[in-house]
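Chain nomenclature is as follows: A, B, C, D, E and F, assigned in order of appearance, with residue numbering initiated at 1 for each chain independently.
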């Protein structure tokens, strides 16, 4: 089972923090990937997973804020992170461009996440060695 | 089965729009309640249901924006609507008070929803004739 | 790079099926071969006579109709799911291929997505 | 105004059980009688030896321990769920009453909440 | 009608079920039904109309959800009554105890 | 190893399952397993450790999720291997086709 070759990965997260275990499992896996010397092409948030990119989430002081934890991990490792635009608009996760387009009073997308379409996911299927999914459990 | 007496109701919504059918089923039921001459004491959003109160959600032009639909219904009928504070903070639904308390860049709570604690729900159990729950389906 | 998108929940009660379908549409739009597999409760996407007007959603039948036009290659349906929900394969809203999902089916796809 | 809060999903995989427990704590804090019923996969809340440190969550055993202190009246557990998950009633992390959930049980509560 | 421990008479229960038949909670709901209870199937639970003989009490189903999903209306012999939203409201006013599964 | 229609040889599949044993998808996953596939149980799927004799392929389970839930470690006779996160990473690097249930 030994495999020393370095591969490229995309992680798709579809489960929301505080509703599913998906973002935490994915972060543990992503850290282990980087440690093992693999490359992460991008993180792609889809469906309820887009809530992970909300800058407004506040965890109780004795719990981990998964948005901050992910945001820090992505920045430190220079990993691109995409939030699917269709999922994000419905669920109220907006960058400044979408805020203006829809005339909303605020934006709430946390850096370094960016909003883009499913084309980014398809690019992952074509180019990443592996595309993994982190869905809500039950 | 005839029942002409007017009763008071609390509706608890725990399923999110665009993830579950709960907010739409609840709105249809609430409209029928008002039509039938019953009183709605309050709407209480809990768990993932708090996403219904996000002012930033944008529906595609050919779909109903359930946040706007609910917001309009509540205002027209003068119905108090509460978002559970613990659920809301974790999921990034904030009013201006919580925005300041947590030093966040924006608030996103849609009017006439207000943030409060589970005490409001307990008050419903004590005072409303009926407390109904609208949960995610599967 | 053949992709299989699996839908295993009934329509209307939640959103996962719609978002799975959006993935299939996107693949087709980018000329990537994609098939849909309806399993378990998901077979109800193919029921004829749906009308979601009163629950203020879009009836999914029309979306499935568009799928063929947009280049989604096949609609596969789990025959066990059909019988569990009392549905006949010849009374569905779309042309389907009945299958028994198992290793022989899945090995034909490089990517398999089940939201 | 006796209330029964039902927990039917295992801990850690989703959040509904924690938010159900918060409801129970609130009732107790407002001196309202409340019991908890663990059914099906929910019986795993009572398993001894849990340690969620490595998945960066709070171990739920401690929360359940606080429940008794805070005035939650009873922990009821579905005996069928226990045997389905291979758990013995005398090896649980809390004092429980084994029950067979049915009309006789439910009729004792004015309010029943199942998130 | 059974008596509670405190001696007050309890009204029967209206059970509201919105889960598909293959969801564990569908079974928990079935196990909770008493003969004089009523059950209303809404949302994905209307897929359970076909297994109505498993219910031991009066059964209703929300018409809009049945129609949305293209399910056949219950036949006269099935003892299931389709109700609209006002009908559901009436049921909730009639039963003082309501459990949502 | 079976051949596809196009004649290329396919690598076996790593199945990643995170649903409880009573979730419908647990069964769909079981039905998808080939003898030379591998399965890793994570999150709530580790509650299925006890039914490991139903799996027809190699089975792993994520140690952190097993420990969090207080489940007993599999005995030597059960042919289930606990892996940590680096072990899961190695599995995903070894199998070129991965299905998440």
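In this text, a residue touches a chain if its C-beta (ideal position, glycine included) is under 8 Å from a C-beta of that chain, and two chains touch if they have at least 3 such contacts.
None of the values given here were measured: they were computed from a predicted structure.
Engineer: So which chains count as neighbours of both subunit A and subunit C?
Structural biologist: B, F
Engineer: Chain by chain, through touching neighbours only, how many steps does the shortest route from subunit C to subunit D take?
Structural biologist: 2
Engineer: Taking all residue numbers used at the subunit A/subunit B interface, answer same if over half belong to both copies and different if under half do.
Structural biologist: Same; most numbers are used by both subunit A and subunit B.
Engineer: By CA centroid distance, what chain is farthest from subunit D?
Structural biologist: It is C whose centre lies farthest from that of subunit D.
Engineer: If you average the CA coordinates per chain, which chain's centre is most distant from that of subunit A?
Structural biologist: The most remote chain is E.
Engineer: For the chain pairs B-D and A-F, which is connected through the larger number of C-beta pairs in contact?
Structural biologist: By the number of C-beta pairs in contact, the winner is A-F.
Engineer: Between subunit B and subunit F, what is the gap in Å from one C-alpha centre to the other?
Structural biologist: 40
Engineer: When the C-alpha atoms of subunit A and subunit B are each averaged to a single point, how far apart are the two points in Å?
Structural biologist: 28
Engineer: With chain centres defined as C-alpha means, what is the inter-centre distance between subunit C and subunit F in Å?
Structural biologist: The computed centroid separation for subunit C versus subunit F comes out at 25 Å.
Engineer: Could you list the positions in subunit D whose residues touch two or more of the other chains?
Structural biologist: Expected reply: 9-10, 12-13, 15, 40-41, 55, 57, 114.
Engineer: Got the subunit A residues that touch at least 2 other chains?
Structural biologist: Correct list: 18-19, 21, 25, 28, 47, 86, 133, 135, 137-138.
Engineer: Multi-chain contacts in subunit F: which residues touch at least two other chains?
Structural biologist: Within subunit F, residues 18, 20, 22, 24, 43-44, 64, 100 contact more than one other chain.
Engineer: With touch defined as at the start, can you tell me which subunit E residues reach subunit B in the complex?
Structural biologist: Where subunit E meets subunit B, its residues are 16, 18-20, 23, 42-45, 64, 85-86, 88-94, 96, 98, 100.
Engineer: Provide the residue numbers of subunit A that touch subunit F in the complex, in ascending order.
Structural biologist: 1-3, 5, 7, 9, 21, 25, 28-29, 31-33, 35-36, 38, 129-130, 132-135, 137-138
Engineer: What does subunit F use to touch subunit C in their complex?
Structural biologist: Listed in rising order, the residues of subunit F that touch subunit C are 2, 4-5, 10, 13, 24-25, 28, 31-34, 37, 97, 99-101.
Engineer: Give every residue of subunit D touching subunit E within the complex, in rising order.
Structural biologist: Where subunit D meets subunit E, its residues are 6, 8, 39-41, 101-104, 106-108, 110, 112, 114.
Engineer: Which residues, counting only subunit B, touch subunit D once they are in their complex?
Structural biologist: Touch residues, subunit B against subunit D: 14, 46-47, 86-87, 117-119, 121-122, 125-126, 131, 133, 135.
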